[in-house]
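Next, two complexes with chain A in common: one pairs it with chain B, the other with chain C.
And now, the complex of A and B:
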């Protein structure tokens, strides 16, 4: 053996030291290795897919924005589209005769000017309107689209929106051939529509996606795949879909043939993510990957801490407590309903019970976003003021008992949805009526279909109901309590109400119509036909540099078509 | 061949002497020795204390802290530990219908802000032709002009506002932004006010809480103290401590019961395979390999479907079943290997030569000699089972909502991680500590029960 003098490590202590040193060495090496690995991968990724990685929420240099949508549109044939995603994208890539302006008015789009009278509507198309392949947009394209929307074999769910056109219903139900539809192209630039009966809001209907144009030769060339892919569509709007990766992303790029170029400033709208997960979208927004997201209640504090500009809007739906007006139910008594009206504080419901931000306590069946003559309907005709008063309520309750000839109000059945929010609300109604009026309430929780069936059969005293709009006119809410309306499931029957609704339906003078709706609003309040509970709302945040983004209740929402980037803004 | 003469003397019985060797140390059984060595291992010992403490927390805790874990204290929602608990008695809420002659002293609170309501009034602004928008923020308004949560758009004539939306006892910043005709915000026409909201309670609630007798005349302004929640409350105002105690039951039930059963199954299976050997062993072990390849999560979901357990219903039974059915092969393999090894040991052959029966061999020699391995497997299986339960509850496949479990509590807590971290930290801490304690204990047990380390001092 050699005579090397081994320095013997003296026992456990120096062994631990050596082991510690070695471990430290390994640890450092590992950290360095992973650091290098990460860096390498990052570099590699940036070299390979520069287009996907560089997507920023707002890119001022390329005038491009990135957003997320909740679901992928099933298809984009405007005559068949019913869902929100299709509506939103169609609003960006298509334009019809008329469109909703940024201040919720109807303005000229493909039609340069238009005239609507009691029997006929005439649209004069502008001659610089072009499809995205450069061909002119003609009146024939509208005739073709509207006819195909009404063809029974296409089974379009929104076909009823075209019923105001002469023979619309008959064509849709297969009683008349589609050539009998009251719409014709006088020449390439003039479209004439015969109306079934006078209608005051036909211009608002024409702005709806179901009224968008489709070019016949292109439609036929797609062999039934129209609207299924980016290249199976022809665009008339400010943008066109240049890439549609199913299940993943869509890319909208500026349409060079669009007539109103000056109003558009964005070059690109990149729908980079398709997810309905609110938290995921919030994180994308936080990481500056998307320019817009809605907020959930639990994210609000976070949003405030991030110093975001929170905004709110309504989704259009109105919720109310509906009564059963059938004579064999005590709720048919007006004084009883009045008593309920005087104790149910809908502000308490919204602020203390459901506690969801963006929701607006209900004051009227007509929601705040509805357009009136000049301004919002509710600004022109405010809802009747309700002053809660328990003593007054008890007085009405006594009157009700006398009129009904009973000593005690029997247990009322409250029909409710089976989701947690409905449970919360129905339990609140139960509690308030018990403590303030001594009325006991039985809650009947049902799934949606069963609830509708029970409502139709009249097996309830009160029901938590909601109503979403079909078009931007007070009539979509206003005719709910007509005795002939099938959705009037409480069978409210008031000749005065019927008279007012008929008046509103047949009048075409805006001022007169709105006066009528105001009278309906007052009558609903005075007669307590229903109790408005709240308007559903959403809170959302937008990238501070992105301006002029429009939220709509009807039509494309969220609308980025006229958005612009202002890097100087906060 | 050597010459060897066998005399009859050689076959004489040797007489027994009193003491051949002096035994210098007390005789120790296997378990005594293991216990001594476990005690010497400080880490393992502390872990043992922790485990015992955890068991006390779980089973004695609810007897001492008798708070129902599902009762909601709506006045103390997401309350961190040691938060103020005072509450003031005020009259019942009365709707507010302000008259026009509100004082003209700028943006001001009409009454002291309370959790019942915050009432604001401000001077009419001639620039506000489109009315006002009222904002509420939890943080001061900075240069970003982030006013916070928009609450209401009021009309031009409406220079007052009542906020009742989910008020908490804390500081709020209210901003009134004037709007122009088109509804655009005028950023130079903003007023902001800060107010500290105090917690109040109306008599009706005080009565329902038992702080006030129903026939007692309420004295408004009296201070009351709300119930104590030592670890705070969760997002529905439920007591965290009570929930952690009850949640531990679910976690420990799964944590002990599942490993106990599947280790038992594994031991039986493994010893049969190991002892019989040959083709039987081959067949049994290939089946075990097959079971190892089955994905746990998939089976968990399948069982949920088979048992018709919908979302929102407890998934504990399918979880237990999936664990028992799928996790035994690891133990079986271990035990089989051990038995195979022991089977070939000299003392087994000797025992056999002495005429020992199979039963005796298995019970006297084989099982006790694999006991160390089995115990160690159990102690390592416990934390992994607890962790699996926590993980499955976290992804929403475990217990149903009203029943607490550490995993589901983490799941609920993570949503408000940034604003009320205690809702996540406590259950997460308990999971970590439990899993760590069991792992360290298992480590210690393995060392202590290893017979070959017996003579190492």
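And now, the complex of A and C:
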């Protein structure tokens, strides 16, 4: 140091004292400066009139609740929206012809009754249905929205959900003008849809956001900015967005023109915070700032220590180990896949490795919640029973080696997500295959878009994949392994599978359809097209006064539309 | 002076052009497809989307169009938020990041200079030891840990107090800014404290200070005029780039405190391969950084008369 031996201690002492006093003065001045600065900023902020989030989690007096969401809804144009966040908000501010009821059935919404036969669907709209500006909702609004979703230049990613409408695909691919789409408004209150072919679950499709109405004059007046801001949307649902500060907050207030006022009790849903950080959300909940939050694995013990009421359910998504069936990959060999199936114990994965509440070990591509003919599909048609057997697995492995003409199975590439849970799962797969079969696995962690790119290009042997449902019918999962399905990224190609899927698509007889799905379930198992790993669970905490919050598998989730506040509850 | 500023601005523009070009080609070289999502697209839809974003054109044509648009100040439409312009995203969210960043840098600058001067004054004594220990902590603990601990302690303080003393997140009033800006500025403050301390120590033992003392100049004058003023110079040098660093690096703090700043869009855009937002934010932040460096150089000329701007 340069300060050794340069002056006498007592001289330094007095200097330090004087300088120290001065420094203290500077310090005080700084504090005063910051105080003034804050005051100035506050005055400035109040002049600009920016939003203030100070609402309580549950406010019984104003019938208002505050919640947080993970990401800003990126797309509020219902014909273009594809993500869960937009879907959740749309579910609160929009309503279509039909909706998902609180007990997961299809019920009347804007349409008061409907009829669907093999060639046609007719919807009779209620005459008290109004847009948030007081204008009536008419059949023309649906015709406009559906045409708009299918117009090729709008490039809607979910347009395929409207293909059951006559000429839907042709319009979407630009082969026919949009006026040829098989939907017409007979009068303001009657909507008639011609169907491309008989379809068993058209009512369920109609409850999907892509089928929501849009009013043409309003849409045109927004100059291509429809859905970009609160004032650039028109609402048909129980709430309307009255304020939207991008990236920060959304305020949903009761829509005075909504037809079904009696079923709604909240006046306000204040989305006060937008953050993807689960721990931050838990802190907001703890600080009584939000009324609801989902929990991450790492927050679980913390939440339990608080003695909160923790609830669990499934979010409907199924995760599985998908194989690359391209002939130049060893995973195209059925015996190899069979060997893997016989050693991977998904109960061990779910109960001993990931240990997350709400998760269910996977037994089938068709999750437990799907509706069958009368009961749940999986109750009527249980998944094929798997008996783990290492010796049997080793026999299949030998067969595989013989068929492939190799002595040793080369290192398998397992494509995986970059989050901690995916890492844990892929490491488990790696360890099980190494110890039980002597197969080495290389884990390739990629962010979502790059994983998709690698899956599409076929640069993998196995991949941790997941599939979420669009509508409550087994077909939403059932056609995944059709040779023509673009989501079948492992290129599984089996004429028998294709035949079964076509049969399921073309049939409208419930029993016959479900038997076909049962056959698909069996074929997936026998041929080891994929290995079901688990059904994803969600764990969440709710403010004790907030009741009737619905966690949905299909449709907008989490659903607060029918929630109410009960201050006596605990 | 004017000539110097002009020269620096031209150099700055070249730097920004270089940043834009490098980002453009790096981004297109990253594996992955910006249009991919949960569900696979039909060929027709994909073709329509490519046409919408101009991705169907050859890469060099795209590059040309994109440079021309930047020159006009138009960054295009976001891929993920399809009806928002990148310009709007920057316009709405940069002020938030900037407010947070400026507060953080003021906090860091003031704190760094004061603590640095204090430690130099009491070198090798108890205040010095304590502060320097905290400084080492401040430099080595990453901001996501500080942010998480900061928020958690606030929750516990509010819990103990029984009322919300300070909001634990969100944005809108000055009260929302206090804790996040402190968290954001902490690392820089620690760094500046060290810098200020060593710079002070160097000055204290310099000849002109000794001369001033020998002349009998009052200690207060020596301290402010001779020591502080000279010691502050290196601090100002690093302040410029760290303003840019803090304003752009608030990603973690923004996520944890639910603040609608631009840093979130910057990082998320890369993960989602949102080409237009990546380009817009990178070029914007790049230009901002270059501007701050030029500004600091010019300020330097005023603070230190020995520096000639030519």
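By our rule, the second predicted complex is superposed on the first by the 359 of 570 C-alpha atoms of A that agree within 3 Å, B and C clash if a C-alpha of one lies under 4 Å from a C-alpha of the other, contacts with A are read in each partner's own complex, and residues count from 1 in each chain.
Methods note: a residue touches a chain if its C-beta (ideal position, glycine included) is under 8 Å from a C-beta of that chain, and two chains touch if they have at least 3 such contacts.
Everything numeric in this text was worked out from a predicted model, so none of it was measured.
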Exercise for review: Could you say whether A:103 touches chain B, chain C, both of them, or neither, answering first, second, both or neither?
Suggested key: first
Exercise for review: Using the superposition on chain A described above, determine whether A:245 touches chain B (first), chain C (second), both, or neither.
Suggested key: second
Check your understanding: Which partner reaches more residues of chain A, chain B or chain C?
Key -> C
Practice item. Tell me which partner A:231 touches in the superposition: chain B (first), chain C (second), both or neither. Key: neither
Practice item. Have a look at where A:310 lands relative to chain B and chain C in the superposition and call it first, second, both or neither. Key: first
Exercise for review: Report for A:173: first if it touches chain B alone, second if chain C alone, otherwise both or neither.
Suggested key: second
Check your understanding: When the two structures are overlaid on chain A, which partner does A:387 contact: first (chain B), second (chain C), both, or neither?
Key -> first
Exercise for review: Considering only the touch criterion stated at the top, classify A:484 as touching first (chain B), second (chain C), both, or neither.
Suggested key: neither
Revision key, fill the gap. Overlap of the chain B and chain C interfaces on chain A comprises residues 279
Study note, to complete from the structure: So, in the complex, the side of chain C touching chain A is made of residues 30-34, 36-42, 44-45, 48-49, 52, 80-84, 89, 92-93, 99, 103, 106-107, 110, 114, 117-118, 121-123, 148, 151-152, 154-155, 158-159, 164, 167-174, 176-178, 201-202, 204-205, 210, 213, 218-220, 222-224, 227, 255-261, 264-265, 271-273
Practice item. Provide the residue numbers of chain A that touch chain B in the complex, in ascending order. Key: 103, 279, 298, 300-302, 304-305, 307-312, 345, 347-348, 350-352, 355, 357, 379, 387-388, 435, 539, 544, 570
Point to revise | Contact footprint of chain C on chain A as seen in their complex | key: 1-3, 6-7, 11, 14-16, 18-20, 22-23, 26-27, 30, 33-34, 37-39, 41-42, 45, 50-54, 68, 72, 74-75, 77, 80, 82, 152-160, 172-174, 224-228, 245-249, 272-277, 279-280, 283-284, 286-287, 289, 447-450, 452-454, 456, 468, 485-487, 489
Check your understanding: Can you list the chain B residues touching chain A in their complex?
Key -> 93, 95, 97, 137-139, 142-151, 155, 162-166, 182, 204, 235, 415-416, 418-419
